Amino acid sequence: MAGGGTWNVYLAGEIHSDWRRRIADGVEEAGLPVKLLAPVTDHPASDEVGVEILGPEREGFWKDHKGAGVNAVRTQTMLRQADVVVVRFGDRFRQWNAAFDAGFAAALGKPIVTLHDAELTHALKEIDRAALATAETPEQVVEILRYATVKE
Amino acid sequence: MAGGGTWNVYLAGEIHSDWRRRIADGVEEAGLPVKLLAPVTDHPASDEVGVEILGPEREGFWKDHKGAGVNAVRTQTMLRQADVVVVRFGDRFRQWNAAFDAGFAAALGKPIVTLHDAELTHALKEIDRAALATAETPEQVVEILRYATVKE
Amino acid sequence: MAGGGTWNVYLAGEIHSDWRRRIADGVEEAGLPVKLLAPVTDHPASDEVGVEILGPEREGFWKDHKGAGVNAVRTQTMLRQADVVVVRFGDRFRQWNAAFDAGFAAALGKPIVTLHDAELTHALKEIDRAALATAETPEQVVEILRYATVKE
Amino acid sequence: MAGGGTWNVYLAGEIHSDWRRRIADGVEEAGLPVKLLAPVTDHPASDEVGVEILGPEREGFWKDHKGAGVNAVRTQTMLRQADVVVVRFGDRFRQWNAAFDAGFAAALGKPIVTLHDAELTHALKEIDRAALATAETPEQVVEILRYATVKE
Amino acid sequence: MAGGGTWNVYLAGEIHSDWRRRIADGVEEAGLPVKLLAPVTDHPASDEVGVEILGPEREGFWKDHKGAGVNAVRTQTMLRQADVVVVRFGDRFRQWNAAFDAGFAAALGKPIVTLHDAELTHALKEIDRAALATAETPEQVVEILRYATVKE
Amino acid sequence: MAGGGTWNVYLAGEIHSDWRRRIADGVEEAGLPVKLLAPVTDHPASDEVGVEILGPEREGFWKDHKGAGVNAVRTQTMLRQADVVVVRFGDRFRQWNAAFDAGFAAALGKPIVTLHDAELTHALKEIDRAALATAETPEQVVEILRYATVKE
Amino acid sequence: MAGGGTWNVYLAGEIHSDWRRRIADGVEEAGLPVKLLAPVTDHPASDEVGVEILGPEREGFWKDHKGAGVNAVRTQTMLRQADVVVVRFGDRFRQWNAAFDAGFAAALGKPIVTLHDAELTHALKEIDRAALATAETPEQVVEILRYATVKE
Amino acid sequence: MAGGGTWNVYLAGEIHSDWRRRIADGVEEAGLPVKLLAPVTDHPASDEVGVEILGPEREGFWKDHKGAGVNAVRTQTMLRQADVVVVRFGDRFRQWNAAFDAGFAAALGKPIVTLHDAELTHALKEIDRAALATAETPEQVVEILRYATVKE
């Protein structure tokens, strides 16, 4: 009596570690009814996509603007399709887009799970407050998804 | 011409009696196009899930907070996925979470069916008022679902 | 390139003529990707369902209240599931529930098609104004659905 | 500690009796913080407003369509501005617009109070079910507004 | 630069202690730009209001139903008008309506502050989880309101 | 881990060039999980549909009104079903309906991609501003959809 | 009993004729409780505002983009603040932004009044269909506002 | 004809420079109809408010959690009250809460203006893309507000 079909889970944030792969492996091993959504994780491709598809720009600002627009076609759609949003913060880059996605998800009423090391706790307090759970490992996220989707 | 695909019906509230099983049996026997959703009904697992997955807490308040968060990943998602919400009040515990779920469902505009003994009528008057039907037995709930989904 | 999967079309209103059957026949003959939803059209069953399932009432008002609640579990769910709402007004009874359904659908932003004889035009002007089309025959409704769903 | 500023109360429905005046008198006598909103109650003006302002029509249907549009500029705005919606059904005309307004208000989540004679109970059961109270006299409506706005 | 006009703060829940008065006193002493809203706190009046205004009922269920409807005209309007919702749980009665109001407020995205003794922590864990703060005294609530509205 | 099922992409605007076919071809060749939705692109059929199905009109205004209503049953439904909306502006006709669809999509929060020649840039600046990307060729739109739906 | 306070009426569209002034004069003469909102109607200022405030751009596209963004801060806010939206189409320029505003308003459920010459009827049929009234003169708009706000 | 009453403008983000004061001065000098809202900008008070009002915590995570909750009572209310949201990113701290606020505002459909130095352009590209304007000085923000609220 547990489940309600397949859940869409959007994995937002850091693209420089293997956390998405570890969640995907865990979901697959556990056979969870979960479809994982994600932004493009190929960093150069993500940075270049605007000018790559739509033509070159002389100004860095507008090159970024174009690229961010194309990426947002994907990320905003996935955020709206998601039942649950997991947001990962790593130790590199500022990752303001991860925080932006968390705010976007919060205003839409989506359940949020944050994933980060303990040392980021103070800096992330507002976002952790908006989340329903804060994990430190991808495996904990898998356990939360297992509990949420199939636990009797 | 009756139906519109499978309906998601969320069964909120009491976890210490067999009412969900009786509804599930009735739905199955009647062959209704209904998928039943439910919170985790294993009480100890539900109480411990926060610290079990995310690590121990010294304070009872925060242990409960963690556990309630993980449970809410499941219950809020299911409440949003539901076409109809059934809320059961039993005679044990205060079951404030059942009442909370009813309020949450009401504000989302979900049709609500309450299920409780006649002796709780006065205490539950605000919630029964927000419901479209108040039943005393799981079998009545099955009849309502049959009427709603397949009656010509 | 026409379609977007199966459309849910809710057929609200009059239950004493064969208009739903004629639309169903037309949809089937044309092979349209349309699933038709409808309230219970067995008038006595609809009037009695509250007391039939939930127990007798001494007051007519509360008997009606109970029955209307059980029917609303079905109709409100179907109105929310619908992509398009067809509302039929016939020449018998006051059919205030048909008008209520039209208002409910309008506030949800659902496209509305009204179906009634020309003689009801003045009385139905507010509702026809809220509709995107006003038909006089079920066959016209089928043509509108054909145009909306599969016309290239 | 009772009130939250002035409440907008929209008085929908019948325009051929003095019920709005009686509510207005009651509200004024009681000094309630209530602003009453209403459709145009001058029946001929309401019927003619479309062609009066926007030019004549040869077809009755389009004359009504024009008039209903202009009236809807007023009524839809007021329904959205309203905190509470009172819907009156009288014994003349079909008053489908009153039922439409009730459905519109219900889908917007506005509290509804219906006002009609007991003999209309069966015909209005779906709408009374969607209301939070059903009154038979304007004075009862005033009492409900008094209780809602200023009772300690 | 702190404030944004007067805030509406709805005080839901327990009606048998002086907690609303203590918050009102604190707000007044501090001169906060806060308007306090509340349900009717006269328990007998609240229980009798349905039959008092709308006529007697033979069945307790319907008497309660009528009363709860009239009270909901007030409480649902105030919940929607509120910027912040404070929910108080005391040690008497089951107070399911307080929990219902909390769920209703949560689904509307209203910031919630809960107020209760530490001994109720476990029973209220789901509701405290949905709140942004959990206080034990009315004075703490006043401090939160002071911080939220006028602190530079 | 890229996708979230099939995406509905609504192709609004110009009906006098082969841009929809070129996008459809590109989507098919790339095997993208995209279902393309579109208005009726048979211009005469679109102009005549109102009077064709619902009967003749003497006034051009009302003939257009009828036709626009029937078309809106289709277009409004598809706009709501869409995950992404592509809006094409060509060099013939005023195409106000394309701009209307863009505004409708924007208010619903749908990601928008505009498609037009560079010479229309100044005239379309408000709409391009509301879009997440502006393309000049159908092939660029296909690339955006590929990136959004299947790029790892 | 007519009014509900001051109405915000947003005047979208054409900026090269005196239609706004004529509506403003009419509203003032009639003493209507209407506050008129409008985009910046100084065409050069509107075109230059982006680079004027935020710095020059080499590309026309981005100059327009900047300008359209600053204008949208104003127009989107006013569209959301509006109770009623009037959209004027003149005979110069393509005025796609007027059509965009109409679509935006329609999706938000705002009552729309269109204002244009009869010769634009066919080209504007989709937008007129989404409007509740179509006027040819500013004076007709004033009459509609008078009827909507103060007519008894 | 420019304005629509006073606008609420929420100033989110950095609390360690005088940017809010400069905007406030500019707004005052220009006499704009703008009310500025802001989070608590006293950093220690903001960090301590949870434990200060609600009692001490042993764990840093929960101390932060408490504090973030109390701050969110203020910030979420102000974000919902705002007509426009300005988000400032400075060169100190990670300011994930500023990015979170931007995402929250974006999902609510609020017009956003970002304010930061050019060197942060690449890191903030997703958030600048969601904004309607990106400024580098507080004076530019004042000019945008002047244009949006009072420019004829």
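Labels for the chains are A, B, C, D, E, F, G and H, by order of writing; each one numbers its residues from 1.
Heads up, the rule we're going with is that a contact is a pair of C-beta atoms (placed from the backbone, for glycine too) under 8 Å apart; a residue touches a chain by one contact, two chains touch by 3 or more.
Bear in mind that the values here come from a model prediction, so they are computed numbers and not experimental data.
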Can you spot which option in B-E, D-G or C-E is basically D-E again, with over half of the contact pairs the same by residue number?
-> D-G
Comparing centres built from CA atoms, which chain ends up most distant from chain E?
-> F
Averaging only over C-alpha atoms, locate the centres of chain G and chain H and give their separation in whole Å.
-> 29
Multi-partner residues of chain G (at least 2 other chains) = 69, 72, 107, 109, 129, 132, 134
So, in the complex, the side of chain D touching chain C is made of residues 60-61, 64-65, 67-69, 71-72, 89, 93-108, 118, 121-130, 134
Residues on chain E engaged by chain D in the complex (per definition of touch) = 8, 11, 20, 24, 35-38, 40-42, 45, 49-50, 53-54, 66, 69-70, 72-74, 76-78, 80-82
Sort out for me which residues of chain G touch chain A in the complex.
-> 58-59, 62
Contacts from chain F onto chain A in the complex sit at residues 1-5, 7, 83-84, 109, 111, 113, 131-135, 140, 143-144, 147-149, 151-152
